[in-house]
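First subunit A sits with subunit B, and in the next complex the same chain sits with subunit C.
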Partner chain A sequence: MNLPPLYPFLRSGFRVQRSAQGMLRTCLLFVVLALLCLPWADISVTTRDPWLELSRLGWGLLTPDFGRPGELILALANTLAFALQGVALGVVGGFLLALGYRFALIRRFSAFIRAIHELFWALLFIQLMGLSPLAGVLAIAIPYAGTFAKIYGELFEEVDPSAWQALPSGTGYLSGFFYTLLPQALRPMMIYTSYRLECGIRSSAVLGFIGLPTIGFFLETALKQGLYSEAAALFYALVLVIVTMRWWLQRRLVLFYLIAALVWLPPKVSLDTALVVRFFTEDIVPSPLRSIQGWSDVLPALERFWPWLNQLWQQQMWAGLTHTMILALLALVCTSVITLLWFPLISPLFGGRWRQAGGHVFLVWMRSAPEYLLAFVGLLLWGPSMLPAIVALALHNGAIIAHLVGRYSEGIRLREDAATGINRHFYEVLPRIFRPFMAFTLYRFEIIMRETAMLGILGIPTLGFYIDSAFSEFRFDRALLLLLLTAMLNMLVDGMARSLRQRLHLSSQPESL
Partner chain B sequence: MMFIRKPKATACRLAVAAFVSLFAGLVHAASFTFTAIPDQDESRLTERFGKVAGYLSEQLGVEVTYIPVKSYPAAVTAFRNNQVQLAWFGGLSGVQARKLVPGSEAIAQGAEDTAFKSYVIAHVSTGLSASGGFPEGIAGKSFTFGSKGSTSGRLMPEYYIRSHFNKSPEQIFSRVGFSGDHSRTIALVQAGTYEVGVVNYSVWDDELKQGLVDPAKVRVLWTTPEYPDYQWSIRGDVDATYGQGFKAKVRKALLEMSAPELLQAFPRSAFVPASNSDYAPIESTAVSIGLMDAP
Partner chain C sequence: MNSPAVLFQMEGTSLAYQGREVLRDIRLRVSPGEKVALLGASGAGKSTLLRQLRLQQATQVAWCPQQPGLVPMLSVYHNIYMGRLDVIPWWKNLANLVYPNPVARTAIAAIASQLGIGDQLFTSADRLSGGQQSRVSLGRALYQRRPVFMGDEPVSALDERQADQLLGLMMQQHETAVVALHDVALAMRHCTRIVGLEHGRIQLDCPVSETSEQALLAFYPQ
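After this line comes the complex of A and B, so read on.
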């Protein structure tokens, strides 16, 4: 996988002194907060006899069943088609939004649309459009557009302005943009976009869990029915597609792939106008307010609205909010620990070529495994507590950040007589990688927060759990309020992480993850 | 070799055809489309219900397509969006669907569904055993339902548990979970992940017969009173789309379905007539435990 240059970290060396203490304080703050959460986090192990199920799972992983190639190929083709179309549309939308990224309103709008997980966008669009291809494409495209807007917008801001300043006066904005800004930002934009396609494939697979015909559709069934050999085959196929991306994703072929995706899965939809109207004018209106016909109904309706809202807050919103925050914080701290343990696996500072190659393979595996799958295995192992969710998030995100930090460490030159082993880790390498490590981890915090949503669908009572319940009870008024709460929480975390990174001078350069 | 390969190839083609139709044909269904989620074994849905589609197509004289869906809510959504005109729903999902699609009607139910029931099951380590009466001892244990929208795995057991203790499940049990489906509930209670669970009786009986349940680890504590469950529901506008008397033809075809290989897909022994009013108790139960808003 290609990654953008990391030079800004080197550039900012002179600020190291000033912010080192700040970094330490921030780290401690997170650790203390996580420790404070522990008493409220449900991390007990409740399984008594997991070995039968686990041995079946292990046997399944060893004996993948590729006996249904038709289904497998079809599911893969659908997965890729959704991912390609969704990401392509997201690129277009994100690019347009990035043009106006100077405006606070557009920044907020972008933050809002990416704050809602693609699973929830999918649940919404499926209500409006049925199980249609367009619902899946939009579910990926919209949050991705929000992310692209941010990354592209920040890349445009970072471009060296001297070329623009050298333009003759009277040059129009568009000419300036296309001849100076865009060419300079294009390379990192393309690298980032190709990385997001990898995420798009994972997202597309996950959309299968709620009913779109991607690989997740079959994977979820196989896991639920205990058909682990079939599940293993599907999982291996997904990993294979992601791992081989660097070979099949050629720039020249992108257009071809996109056309093939459109032909395979034309983003058709049939909108039932009456349903859409009903959705916006009735379904999403809080149920106590629906009966309002005239002015005389307003007061009694409001009188019913407050108890309704209060009940929703007490029974679902507050519980979901606290569980989400506790889970995300604990997962963040565990992710950091995993990162620091794993980045040496691929770092040239800690081992020879073979060890690095092995480390790369291991990290690719760990980050290709959808968190959903890891959490599923964790649930079998330890029972239904927050523990499997924390471990799943930590392993997946830890593998991603370890990869980035490991790659960063390639640029570090140690003295010939530098310490070795554990001393090298703590005294030579850790201080040098700590800045990018913090930057990546803080950046990832928002993403961890978003991912708690999916684990909610697995049964861990985060906000995602209650949103899933509201959708399955066809109470879209509740779903919408819970979604807005989730979006606000994510935007808050995003803003906080951003301001922390600025305060600690952790580079404002967008990272690729 | 040819003989061995052939059925597999046919099955694959069937699956491909069904899925392409999900996304090409479904968008506006020209053919009559139905969906069904059986209460157990969700694998190979397309193959199993493809045969049912073939039978219906023969009986009705129109093209009939089956589309697989992931969950009860997904089935209801497809029904609501007119992507399917006929659906094999659970008791609760049928009520939800017919509420969202005015004019729709329950037309047939499984012979077993007129008097359905659920079992409360427990891991042996709880020390609980069947005593005839309601198992008081389940209070304070960890507990799992099946899927959130299930009638036999959630709605009815929750109703009986609530009315016995006069408390919500969260107040009664140390932990409440949703396993997602009946087979999973059995697996989780058997593994001791949850101490107690509720499960659809026919899935339990079937898995017991197949040897998937270890009686040394998990056992039945109590059987709920009987209630109506799965049924076929059809949209009200099918006569307008497919011609006068179409609904009656569908009902007749369903009631006359007798080939074991077709009935096995559900799995039911036969289909018998049903009407919306048969499910009034389900609706009032859903309202009483707060799963639905009062009409």
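After this line comes the complex of A and C, so read on.
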């Protein structure tokens, strides 16, 4: 990037050697790009009285209605069952993929399956298997396997190689793996896996919004009917399950939970073989190519294919792509702002013990709410525009990064005569946390992009909107192409963020994100 | 009796560091105009005493701790500027991060060139050597423009000649000074009074004229 120096007047006379220069320019670039996007971003409020709705929602949150405990327990049990089975299957798949993570093909494959959001996988599997338990389990397991493969694979690469090198020559790969790599990487793997189970519970909850019987299903019903007190009870139950995870998730109980999940929700499926065959051989083939019977049909079919593709590109792909990128960029910048505003809440450098404890509670609450749920509520409040999606992504991701940055700031030691208040924030703390902040945020960018595409299902015209419409119109050929485009966009952003992190010398270690 | 005003005062105080008592029964008075050198082996309690003294007149003291505590990402200019964050309105401080304030820049450039780091004014602190970092720390103390200088081994990262020169500068720019040093010759040259710490007590407290370099070396067991 050849941007001008930040202090033009210094060009003569002073040598400017600022370590933060690269990071500041990158930051500035993102902010400028986001500002340029603003004219194309639809962030209007279309509801007549958003404040009235907000006050009703606030009242609902204050007066949760636990009047139907049976429904609540059923919803929670289903949510946990999907999450446990999906994550467990994802762990197995991810572990197997991680064994071959040195092969580029397996790395690409893992990147591909995690580039498609679990809700898209769910849309796909519901087409194939109906609203069956297995559809939900696979929808979680497949993208999670891709993520586990990456994290486990990187953890294996980071293990101190001396134990491996000390093995007798001729030791096979698997023996060496189980005796040296795995024992050394096991602890961080467990920590990461338990964090992913938390994400899995959120994903499982959100699957309810597209029809599976998890807590999201009941939440959607309650919210659509304006029963905010009932919705609040469901939401509090979900938060409670996530917040208390560190107590109920015991290593020796995991197997018990898993068996219970399988008994409660057997991953049964009634496959209509003819339907599945038709789906793969006919439905997902682009419609102009379906008529190909022999070699003589190929050329005319291709002649029809290009206009078909061109039309799809102009009407859906391009619009979906640009909206997704605009929304993701704005969400990224807003997430950064939220992060910088919120991390002082839990940092010991600002405020005493009570304020920190309060901050922790607040941030856990904010990140326990799935972004899909937040966006759904935002749509009820403000009507369909990009605004609910941006706010939802910024609140959820901002809370997660603020948590990480706040924890990082615990290691900072200030001078006794260090400034206080806002001066401390901007002079003492911000410059010191800026590098990890950028690393976390760029790490999160890929996830924000994934979620942005997915939020289209709610009616915001990102790629997810067109994918969802294609599915509901049974145009699976279009759906598949749009899904591939989404996956490619995600993989591109992932690669870009990684190279940016390397260029700015930011840590590229796997974080619990 | 017409005793001069006392800046710092301890009457039989005991001081602890990390929960362990390191200094007992400390009696010490420092008046304006005095240049006090604290001598003693490492671990004798010099830093603990200095920290405690600073708190007695926190707003009067230009402070230079043993660890410079610079912000690595910020430039020399900003690190020196930080000495006056508390007296300048916060919005001016924020604007100064984005675009250096011309007035402050002139003043800080002058201080930096006095300290021999004028060329590095817009270099990030993490790219400086240890010696350069302690110059920045001295610069921050100078920029505070306060009457009392308090330093904990402020020149120990510099070579002999520069240490001598810069300690002289600090003494000249401040009316009063309390400095922990381990270089006896430096203390004799720049201070008016020597306080020696040993076994958790003040073992020696006298004007420079009443002691000798030879006698002071006893505080540093070989």
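To be clear about the criterion, the second predicted complex is superposed on the first by the 485 of 513 C-alpha atoms of A that agree within 3 Å, B and C clash if a C-alpha of one lies under 4 Å from a C-alpha of the other, contacts with A are read in each partner's own complex, and residues count from 1 in each chain.
As a working rule, a contact is a pair of C-beta atoms (placed from the backbone, for glycine too) under 8 Å apart; a residue touches a chain by one contact, two chains touch by 3 or more.
Small disclaimer: the values here were computed from a predicted structure and weren't measured.
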Original post:
Between subunit B (first) and subunit C (second), which, if any, makes contact with A:416: first, second, both or neither?
Top reply: second
**OP:** In the overlay, answer first, second, both or neither for which of subunit B and subunit C A:209 touches.
**Re:** first
**OP:** Go through the superposed model and pick first if A:286 touches only subunit B, second if only subunit C, both, or neither.
**Re:** neither
**OP:** Return the chain, subunit B or subunit C, that is in touch with more residues of subunit A.
**Re:** B
**OP:** Return first, second, both or neither, reflecting whether A:69 touches subunit B, subunit C, both chains, or no partner chain.
**Re:** first
Subject >> Which superposed partner A:427 touches (first subunit B, second subunit C, both, neither) >> reply: second
Original post:
Which residues, counting only subunit A, touch subunit C once they are in their complex?
Top reply: 7, 10, 14-20, 413-423, 426-428, 431-432, 434-435
Original post:
Which residues of subunit A touch subunit B in their complex?
Top reply: 42, 46-50, 52-53, 67-71, 74, 78, 126-127, 129-133, 208-211, 213, 217, 220-222, 224-227, 230, 265-266, 268-270, 272, 275, 287, 379-380, 383-384, 459, 468-469, 471-475
Original post:
For the complex, which residues does subunit B have touching subunit A?
Top reply: 8, 11-13, 15-16, 19, 22-24, 26-28, 41-43, 67-74, 76-78, 80-83, 96, 100, 123, 125, 142, 144, 148-149, 175, 177-181, 183-184, 187, 190-194, 217, 291-293
**OP:** Could you pull out which subunit C residues touch subunit A in their complex?
**Re:** 51, 54, 58, 61, 63, 65, 67, 69, 71-75, 78, 82, 85-86, 90, 93-94, 97, 99-100, 119-124, 126-127
